[in-house]
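A, B, C and D are the chain letters, set down in written order, and residue numbers restart from 1 in every chain.
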Amino acid sequence: QEKGEVAALFTGAITQGNWDPPGYAAFDKMAKKYGFKPSFIEHATYEKAPALLRQLASRGVKMIICHSSGYSAAIQEVAKEFPDTQFVLYSYAASTGDLKNYTAWSVNWDEYGYVQGAIAAAASKSKHIAIISGEEIPSAKRTHEYTLRGAKALVPDIQMDAVFTGSFTDVAKAKEVATGVILRGADILLPSSDLADAGIQQAADEEGAHTIGAYMDQSASYPNAIITSTVLNFDKSYDEMGELMTEGKLGGTIYQETLANNGWTLSKPFKHVDAKVETAVFALMDKLAKGEMKPD
Amino acid sequence: MNSIFSPRASSVIARTRQSISAVTANNAFLVLSAFASSIAIGLFILSFLGVAPQLAFAVMFDGAFGSQRAIADTLVFMTPRLLTALAALVALRCGFFNLGAEGQLQLGAIGAVLPATILPASLGYMLLPISIVCGSLFGAVWGLIPAVLKLWRGADEIIVTLMMNFIAIYLVKYLVQGPLQPPDSDFNMSAKITDGAALPILLSGTRLHAGVVLAGVVALAVWFMLYHTTFGVRLRAAGLSPRAARLQGMPLSQLILSSMMISGGIAGIGGAVEVLGVQYRLIDGFSSNLGFDGLAIALLGSLEPLGSVIVAIYFGAINSGTLALQSALSIPAALAQIMASLPIIFLACIHGYRFLKGRPLWSSTR
Amino acid sequence: MRSRPFVELTAVSKSFVPGHPVLEDITLAFRRGEIHAVLGENGAGKSTLLNILFGMHQPDMGGILLDGRQVVHRSPADAISNRIGMVHQHFKLVASFTVAENLRLAAPATIRKTLRNDADIARIADDFGLPVDPSTIVSSLPLSLQQRVEILKALINRAELILFDEPTTILNPAEIDAFYGVLTQIATEGRAVVVVTHHLEEVLDHAQHVSVIRRGKLISSAPVGNRKRSDLVREIVGKDIDLTAPLEREGGAEGPIELRLENIDVAPTQSSSGLRGASLTLRSGEVVGVAGVEGNGQRELFEVLAGLRKPDSGTVEARHAHKDGRAFAGLVPEDRHHEGLVLDLPVSINLLLNKIGQTPYAKRGRLIHSRINAAAEHMRTQSDVRTRSIHVTPRTLSGGNQQKIVLARAMNEDAPVVIVYQPTRGLDVAASEDVLKKLRLAANAGKAVLIISSNLDEIIRISDRIVVLFAGRTVGEVTSTTSREDIGDLMTGGRQTRTEHRS
Amino acid sequence: MVFDAVTFGLFLASAIRLAAPILLASLGELVSERTGVLNIGLEGLMLFAAFGAVLGLQLTGVPYAGVLMGGLWGIGAAAVLAITVAVLRADQIVVGIGFNILALGLTSLLRELSLDPAYLVPSLRAVSMLRLPYLSDIPVVGRALFSQSPILYAGVVIAVMLWAVIRYTRLGLVIRSVGEGAGAADAAGISVTAVRFSAILFTGLLAGIAGAYLTLVASGGIFVDNITGGRGYLAVAVVIFGRWNPILVMLASVLFGCADALQYQGQAIGLSISPPLLLMSPFLLALIAWVLLGKSNAGPSEIGIPFLRGQK
């Protein structure tokens, strides 16, 4: 392991949900491939993040990857004290604050939202869809907005319910909320509340509505509900981190993860819907990828 | 008259007080063994998870006390907990069961972040005292509410303070999601505080901020207040025996109000210190149960400022030690929770058992 | 030969703290048909003895024989099933329950059936000669009736041995007579009765057997026969004390009026008549006794005098008053544990609780411990409070010593007035005598002393003037030379309209 | 969107479902508190049981076996509380706080050791709803009230039974006496320790079923860390709010459920109030109501106080 140590911080557990586990898997794969010694920290709350980052950096960890946008404040605070350590953030970052040792892989959530809105609108028979999120964080609010735009792009008179449950872990509440919106007429749900998504999937399953899986292909878990899943290409992003690190090229940049650069995609084939939905959506994605169209 | 003091508060103080009044070698041994056995159980679980206990202990100790940085971390984790413990202690010693340190701390954080982000940077280092005082005021007002409700409507303080914790937590959530969130934010948090408002770092290369000194000063002040001022004696008398205190003409309502104001104010300083010394902004979920930790610390520290300092250091060390475990050995964070909770339970049992066996000598004040 | 004992204690020893025995090698027998009195100083171990019989404490050595057979009482449940009942000094009743609920709670399964409805309970109570309304909430009953419920509990449980811990401290003279009537009745029905008391007359008048304990050791246990009061005192205290000698009165010159109450009204409550136009005056240099049956406004009178409550109407005039209007007076409240002392603060602070914020004990809000300690030490020596140090808490002191602290504080007050309420309740003979002497000396030295007590004897012994409180009114004022019977008559409303109902 | 009858029906159904775990837990807590034990550890009990229920489901595949396991885990966890609090006389609030932290850590650790990674657990209709014939066809409220989980119906029955038991039976008298005057109960030959011990176990059972409801009914068989999310604390508040009366406690938990449901329905129909403020509303509401209700909120007088024989 002469390449040194890399570490990753997760807000939850690497064995739970659909955000941390695939992230951890990609991280582990990357470390093995590039010969780093991997270590990771679960339940790294934002409160403790500065301390953790300092501990890792002062131990000589070469690269510290933070698997959530909420760590950016902590990185900006700590990175300047440890110029020899590379800090990396995955998810979303608006700026790296002129730091030479802070790099971000920022998913284009606008595009992401736009596409999932489009799928939902195209698939909806009742012209009524819903997005259910956990905590009301800036990226989620923005996603709501772009989801609605995407939906309207395909079905101008679509109705969209947007609900924040206030928790990324409360499965029961998410399920309750989902049941509520289904009974009010929504037939396509967009779960985006992390661990609590399980509740939304079940509600859809039980009430006969459909959903889109988030971040990874979840169709095996909820075959009756899921039309398709958005799949973040964690492997690609993490691999880039490893590569740039090895080459000493990390620093100061924000890499956008988009459809165009294969930063994320959709799982195929679509289920439970007409084939023309799939065609329409992929046509839209194509335009987005080619830059012929902007998500707004 | 008696109704503004809960018998359970008096009973808790009396029991906790009396068990310390006979601190013996034997007693100290039991307390130490509660901590030691908690660590031992933690290490046992680790060995079950395949980590050699010696290694784990070494990593943990190293992470808590092994270096300047480690000690600094321990102290930084200790600071807000010591402050909430002192807050709980002041209220309890006056017979008011304040379970609301959590909420008062949240308000303190709000109070500190407002001047620290809004006032002009030209105020320079004046911003720091302004922010701390403002945080402490917010906490004090939040602490006064349950006291006023109790005196005015006889509302049970346990339920009121519990509810107000939730209200405060959602208030912070609301603020960092809306009014206080700067436009280009990545997360639910306020803008960064102005440099002049930040607590100075005491030891460069560590995150040891001046808040720890502040906490120490508050602990000293609380101790002085309790044992060396008229107000302190009155407060203790009222807490232990409101009827006797009243008969000697002590103004009970005033005592309750002042002690809750002080209690809230101290918890508020706790929140301010977290904002001005650690997070540099108001951030959603910044307090992982600091308030309840504080209450437990105060009770385990026998409602004594010095005792609280010692127990708070243990809590700080467990936090930094298990953090080191996490970062060095990728041990689940759950272990920290287990190791922090066990001494609470063990110590409570020891206190209780000694009470049952009538050693030290006392029966309840009821 | 007398009957064989029902219950025996054989060589019982008990200590709570190793090396400090509370009871040493006590062997005692309790026979059916007998009232057995147990006497001793405060802290002698009387309550501990009863508690061991009732299973509240376990003896370290020795044991209990029941009809000659060895039994072990691990808990009150064991004692109850062995037909032992106990009426504790502080009643063991659920205050928020009705009388009926309390009786049902205590009754064993076999008997419970007969207690299903309140009417049955009322009938059973009547049959025992202890009538009480089963549907009343216990906390609203006067103490004497609560005690009746306790006795009923024991009787309904078919207790054959009933233990009473200081049962008469809360009763007035008439009630005491009635109480012993009940005890005698119970005993003659073939039960055994044990009574702990500090009042020797009761023993001489009503008990058949008397045992004396001093510092945990049995001094004597013999039939009362024609033993004399002074014999008992000597056995209890270990030396002679003359309890009948009048307390020396000096001066007697009429001092200025320190305190005047006029036409005070306080609304009645369930357990008290409140005050109705009560008036009295108090001059320096005199002791005024307020005699009366508890519940006739005593509590309210004390609270008004102490500034704890405002009267509904009427005036309180004090020659010396605090800034907040309270009369400037030293106070000895009725309940020393909860009102007199802060049991868990040091003796030194307790001694100076009333002055703690004043010069010279504090300066600009800051305590001056050296002065506090010096003054407290002085007071301790003066008042002969027996404690290891002024830094221990009063919780560990005996009742007599606790009372000395409360009294010392009240006297130390530069206040010209001392108001004491039931100052000797629960104190042993020597300690009571001590308290009375101190109060008399204070008056002799020029203070105005007001003593509210239901113990007529002590009032007669100490007072210059006696005011009787009945149904919230101050009825008649007499001197200490008035006969006991006449005052007793006043106390029960005898000279008032006889039709008026006792509250 | 108007708040029509259909919306109201949905709202009510939702409120009741959200109230169910709170109801069960608070009924359990009520019994403890009636014997003088303030069980802050309720949150931890629920959490342990929530985990146990899912483990039971994973082991047996039978939903009701999971519920049973939840109940048993609740009792088992409660036994720890009972030993510390009822036998060793440890301070109830301190132990409760410690216990909740312990539960958080231990369940998370146990989950990693023993549960299938949660994201692989398929959607299970763990415990299905019971649709009562005829009644559930009543317009507007029919489905809301009569198409719920059998566990909820059991909760309602338990509430009524508790009310009757506490009020009318010997057992109730004993429970109340221990909470109102432990010394008196002891002197009457009742074992305060045993009564409190059993009461805490009963609390464990109901908190266990509440935890099982949360995972097996409300979350479809999934356990995630801290899945109780403060419901235990809320249930403690509900008991006090419902003045230690099972019927009032039932109504109070529905009230909390309503406030909870309102905030989601409100968002869905586009009420433009910030979610945190809506989330805050049940607590604010409860606080205001509590203050307005005023003085007569004294609970069992022994609450929170460990029993010592011979104490004055």
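Quick note on the criterion: a contact is a pair of C-beta atoms (placed from the backbone, for glycine too) under 8 Å apart; a residue touches a chain by one contact, two chains touch by 3 or more.
In UniProt terms the chains read B, D = ABC transporter permease; C = ABC transporter domain-containing protein.
All of these numbers come straight from a predicted model, not from anything done at the bench.
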Smallest count of steps, each to a touching chain, taking subunit A to subunit C: 2
Labels of chains that are neighbours to subunit A and to subunit D: B
Selected pair, greater C-beta contact count between B-C and C-D: B-C
Chain whose mean Cα position lies farthest from subunit B: C
For subunit C paired with subunit D, centre-to-centre distance based on mean C-alpha positions, whole Å: 47
Centroid distance [mean C-alpha coordinates] between subunit C and subunit B, Å: 44
Cα-centroid distance, subunit B relative to subunit D, in whole angstrom: 28
Whole-Å gap separating subunit A and subunit B, where each centre is the average of the chain's CA atoms: 36
Residues of subunit B whose C-beta touches two or more other chains: 173, 177, 332-334, 358, 363
Contacts with 2+ other chains: residues of subunit D: 108, 112, 274-276, 279, 301, 310, 312
Residue list for subunit A, restricted to those that touch at least two other chains: 13, 43, 136, 166
Chain pairs that touch, as defined at the top of this document: A-B, A-D, B-C, B-D, C-D
Residues of subunit D defined as touching subunit C within the complex: 170, 173-174, 176-177, 180-181, 183-191, 301, 309-310, 312
Residue ranges of subunit C in contact with subunit B within the complex: 16-17, 306-308, 322, 324, 326, 331, 333, 335, 337-345, 349, 353-354, 356-357, 362, 365-367, 369, 393, 395-396
Residue ranges of subunit B touching subunit D (in the complex, touch as defined): 3, 6-8, 11-12, 15-16, 45, 99, 149, 153-156, 158-160, 162-164, 166-167, 170-171, 173-174, 177-178, 289, 292, 295-296, 299-300, 332-338, 340-345, 347-349, 351-353, 355-356, 358, 363-364, 366
Contacting residues of subunit A [partner subunit D, same complex]: 12-13, 15-18, 21, 43, 130, 136, 161-167, 169-173, 175-177, 179-181, 183-184, 195-196, 198-199, 201-202, 205-206, 218, 221-222, 224-225
Sites on subunit B touched by subunit C in the complex: 1, 14, 17-18, 21, 227-234, 236-237, 240-241, 243-249, 358-359, 361-363, 365
